[in-house]
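First chain written, first letter: the chains are A, B, C and D, and each begins at residue 1.
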Amino acid sequence: MHDHPWVCMVMHMVQVAVAGASGYAGAEVCRLLLGHPDVTVGALTAGSSAGSALGEHAPHLLPLADRVLGPTDAETLAGADVVVLALPHGASGPLAAELGDGVLVVDAAADHRLVDPAAWEAFYGSDHAGTWPYALPELLLAGGGRQRDALVGARRLAVPGCYPTACVLALAPGMAAGVCEPEDVVVVAASGTSGAGRAAKVGMLGAEVMGSMSPYGVGGVHRHTPEVEQGLSQAAGRPVTVSFTPTLAPMPRGILATATAHAAPGATASAVRAAWEDAYADEPFVHLLPPGRWPRTKDVAGSNAVHLQVALDERVGRVVAVAAVDNLVKGTAGAAVQGMNLALGLPESTGLPLVGLAP
Amino acid sequence: MHDHPWVCMVMHMVQVAVAGASGYAGAEVCRLLLGHPDVTVGALTAGSSAGSALGEHAPHLLPLADRVLGPTDAETLAGADVVVLALPHGASGPLAAELGDGVLVVDAAADHRLVDPAAWEAFYGSDHAGTWPYALPELLLAGGGRQRDALVGARRLAVPGCYPTACVLALAPGMAAGVCEPEDVVVVAASGTSGAGRAAKVGMLGAEVMGSMSPYGVGGVHRHTPEVEQGLSQAAGRPVTVSFTPTLAPMPRGILATATAHAAPGATASAVRAAWEDAYADEPFVHLLPPGRWPRTKDVAGSNAVHLQVALDERVGRVVAVAAVDNLVKGTAGAAVQGMNLALGLPESTGLPLVGLAP
Amino acid sequence: MHDHPWVCMVMHMVQVAVAGASGYAGAEVCRLLLGHPDVTVGALTAGSSAGSALGEHAPHLLPLADRVLGPTDAETLAGADVVVLALPHGASGPLAAELGDGVLVVDAAADHRLVDPAAWEAFYGSDHAGTWPYALPELLLAGGGRQRDALVGARRLAVPGCYPTACVLALAPGMAAGVCEPEDVVVVAASGTSGAGRAAKVGMLGAEVMGSMSPYGVGGVHRHTPEVEQGLSQAAGRPVTVSFTPTLAPMPRGILATATAHAAPGATASAVRAAWEDAYADEPFVHLLPPGRWPRTKDVAGSNAVHLQVALDERVGRVVAVAAVDNLVKGTAGAAVQGMNLALGLPESTGLPLVGLAP
Amino acid sequence: MHDHPWVCMVMHMVQVAVAGASGYAGAEVCRLLLGHPDVTVGALTAGSSAGSALGEHAPHLLPLADRVLGPTDAETLAGADVVVLALPHGASGPLAAELGDGVLVVDAAADHRLVDPAAWEAFYGSDHAGTWPYALPELLLAGGGRQRDALVGARRLAVPGCYPTACVLALAPGMAAGVCEPEDVVVVAASGTSGAGRAAKVGMLGAEVMGSMSPYGVGGVHRHTPEVEQGLSQAAGRPVTVSFTPTLAPMPRGILATATAHAAPGATASAVRAAWEDAYADEPFVHLLPPGRWPRTKDVAGSNAVHLQVALDERVGRVVAVAAVDNLVKGTAGAAVQGMNLALGLPESTGLPLVGLAP
């Protein structure tokens, strides 16, 4: 308790402000906060939408529809116990500095996810802003333990990217258990179009995306690539290399990540399954499906759950793991809330939906 | 309290059984029950799927995935405080009789919705099974008051049809306030394909419905027609006649009902708006949008909310009201739970989501 | 022949230029022209996209992918036998004047559709630019004959709006035959999102529209309203009034128009069906489906066909007609080519697909 | 000419019969035949739908809507110059034997695709029915030349599977040119739901598939796996091994195949691009996109085109090639017609659309 004064906060309601509340990620944070029993929603801010009501942008958030969006600055956000930043890359560092150490800052952007400054600079082309605790509690660490331990009592959190969440959770058990080889991982992932954000772009119009699948960021250039490698390397205890190809799918939400790795010599189907079962048996949100059933993104829509399945292809000696997540929940806003719960000393699952919206 | 012994039930957890849990309506009831703080989920039953686990049919319902479906009979359902029937038409009456008066029976089928036996027989071609209290609490009644009053303490409830819910709530304010004429209402409504149920049919395959709109049951033959007329007639205090055309939309959930009625002589735009505002100002789930904004089904996905808007077309003298509901929530399972809450003396909104899943 | 010197043009290939080729309507004109045996594709122009290759905007048009878009001006378009204008409202009049009378100008915008200047000014808020022959050949005229006759040899054509095409063709037979009353027509129509054009708007993003139905332009304010009334009035020989509500459907293409009118006294189901059968028996593109089958937009995707069905609702005394068209083909580009064929003296169906792309 | 007596057939119209015309593949063959200038559509047959009109199953095929489907037997199909079989696996061999050598039989099922009986037996669990010429004309063969040569004048054709078409065309250039290694190819492909056929199944209902991505046949068990390996091995001249994971995408049509192979030592980005450019420079249907643009399934909808792009990921040493095809056209019916054209001595592209239906 002495180390983590945050914990006392749970005696009263926690006030959470959201910067970037009119975007998809920010609005989804609001949606989850409305269902969180220990939270009150504080200031909501926006960029060009400041001054308008949230209901103009997110009419589904009925209880907050009349809330007027403030400007995104430290003054507006001051007074909250927690500030969730759902802003473009580059904005979180300066703003967090202004907010001070007394506030829990949860950053949904990429700025503070990567440990290796060189990886940051290679993929983002700017100076590295420093590393914050990476809010993927379920991540197995090579030396034993989980990433969860780094989050309890933290005052800064870096929310993982949506693709890395799916890809890392999909393959980490095999890396940690040694049934998968770290070299030559291949991942192809499909994302719903909300992953591209709420900015108006011709290529993301409904008429363009409905009925169509297409790849983008092909050839190892997508910015989530080093983050996937970082997470899997932490699980493997050795450098993992990943060929990562994202694709755009004609659906509003969801990520389906198909991740394959070479099976380690001697790895059997039962050893593979056991690695995944052991890894997630006690995890509230990561669910290994019964044998023979494969994940569907629909089943996790709106929920913080991860549905997983794994198979060993003995013909070619590859393990194939498939994960479904909601890119806006476990892939963003749910991870923010889950990390916040841990940082505040609240039960980790508080306010987080486990059941998806299907059909 | 003496009149409604059910009310004492709220002291302890209410056990709710669901018959037909592997269908879309039944699974949705289960989804809502999992979020209801005063409920435990009792027996779950099915027809041809009896003996299998619910997770095979509804993998999104993680906490119930291992529940084995029982046969749909009184013996299996006995012991529950509440039984929700999500069964084909014709099954509820005999089953309710076997269950006895000690159980609250909530019927999601059409059997007990219509007051007029002739209307039943004309549209369903079988003998009328009797009328149960109609679980549309927000329905304005011509003489004053609302349908809500008929539900408190009831032991039998007829859940409204999905289309009638949207159509009746859309136009009832104008009928009750006298700003709309009862003759010659015209409604065209679009439904997501889950409205057709979970039976395998070629015409409902994804490849058939994606990218396509089509009407069905055209020409006044859809079975929801007399139910729409019944609800609006109760609001108007006079017989209302309705031309009703349902259409199938390429989306899994949601109903958008566009309902028009002749404006009464002298009705002004402000009088029209006032009628709708007054009707729903205190309703927790029915939300008249601010002027200039129109409902989208996406904004009510997964929620029990109704989004509404209304306009007066002075050129042609018609009032146009548009309602969006989730056909599986406010259109079925949410209405079942809302009615159950009222019948049991629980706060009406308990366990019912107000916020939709968008985008 | 002397009256229509255009007709000689069919001896050689007709060169057709397209202004606005990077938009949905313009690109669709290009698509059809590529399949037209008597046409060569001339200059292609754009606004802000001028200077880029068509393939950047419309990669499906492989044979034209390397064509560089020119600026939209008379100089660039000069030399073509036919110029199709797929431009925003207001641009066609001045450009047509510059192009001169020697060129067939086919305008896909609204500028020259309306006969009544007052209707134009009320709905568009600008001065009326004059009326051009309305390219809806199948439109029955009250005095006998069809609109087709006004198109042969024309040098200016106004392409009908997409909604009016569907709505007018749906109900015109009943109006012309006198089995429908002209007063109090009610139409609700659903359109695919390409109808909103290719400009980037947040509300038209895939994540906003997938899974959602919503209305817009409600209350008699949509600009296509007077055009629907004009067409039906021409069929009826009397003023027709229409309550028109457009809705946005989660599909890229297609319009489904559900149009209802009061049945005339004494009109029988067989008289109704006969009116529709007689109206379209010899029309190559308008197809009345066999009894009991209803149109689906999917079945006309990419084709110039109109699928129709009609029913008499004797309970309420309304005729309900439903039409499916592809908004970009029969609703825009196909009508442009069909009108061009007539104006040039080519067989009317030349180069126009009759078969849709389903599933 | 003497070697290929079929060639004389092109003097007159070729009569083509289609067995299985009410399914998606068979109906698509009919759609293409309607646009083929040298073909008349002969007998159309079905299984359980025999006796009904084609319009009940495929209302988009207007010119054939009144055609009554006959039973699928040799007697009904006799008299045609060409018979296309769109039947379940196992049916083509016996039927072809009955039809005799005078008829060109084009089999859209898998029966005669595989060269290796052991591969057939391992994946299909039945006796191998023999190998027919594989109708993938563009396939590069290791020794030089293309598969096209095997098709000219053939009397039996095996239409490739939809996934193999996309996967093999995607990577064959790298295999043939030696810039890719044959071991450890990884492919993840997404298919529209028409790929599952037109049989009614709960899992393929619109409500199940809309908004959802899911894998199936994971772990090397999908039956198209050996066919992908066969095609790539023929290009490489060495055995190619493939990890193949198919996924179901929420769209009616289209396949997007993301295929990766280890780059050969020393392979440069320019050598990789040159291999693909050289392979397809003269192919009418396979189109390598300009650098920086990636395929979208929408752009090939309804067309026989293949859109391709390739990149070298130098970080991990993998070539990533992505192909988009329409599973029902180039993936099935278009390949059948293209092969038929070659077998008959017609120009290969006759009657085959190159332009897709977008948006």
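Observations
The rule is short, and it goes like this: a contact is a pair of C-beta atoms (placed from the backbone, for glycine too) under 8 Å apart; a residue touches a chain by one contact, two chains touch by 3 or more.
Remember, it's a predicted structure, so these values are computed and weren't measured experimentally.
Chain centres were defined as the mean of their Cα atoms; on that basis the chain farthest from chain B turns out to be D. The greater number of contacting C-beta pairs, out of the two interfaces B-C and C-D, is seen for B-C.
Averaged C-alpha coordinates give centres for chain B and chain C that are 39 Å from one another.
Per-chain Cα centroids separate chain C from chain D by 36 Å. For chain D, residues touching at least two other chains, in rising order: 24, 192, 194, 198, 205, 207-208, 210-211, 250-253, 296, 298-299, 301, 358-359. By the touch criterion given at the top, residues 184, 186, 188, 190, 192, 205, 207-208, 210-216, 218-220, 225, 241-243, 245, 247, 249-254, 256, 258, 260, 294-299, 301, 309, 311-316, 318, 320, 322, 324, 358-359 of chain B touch chain C in their complex.
Residues 24, 192-194, 196, 198-202, 204-211, 250-253 of chain C are the ones that touch chain A when the two sit in their complex.
For chain D in complex with chain C, the touching residues are 24, 27, 31, 34-35, 55-56, 58-63, 194, 198, 210-211, 252-253, 287, 289-290, 293, 296, 298-303, 305, 307, 354-359.
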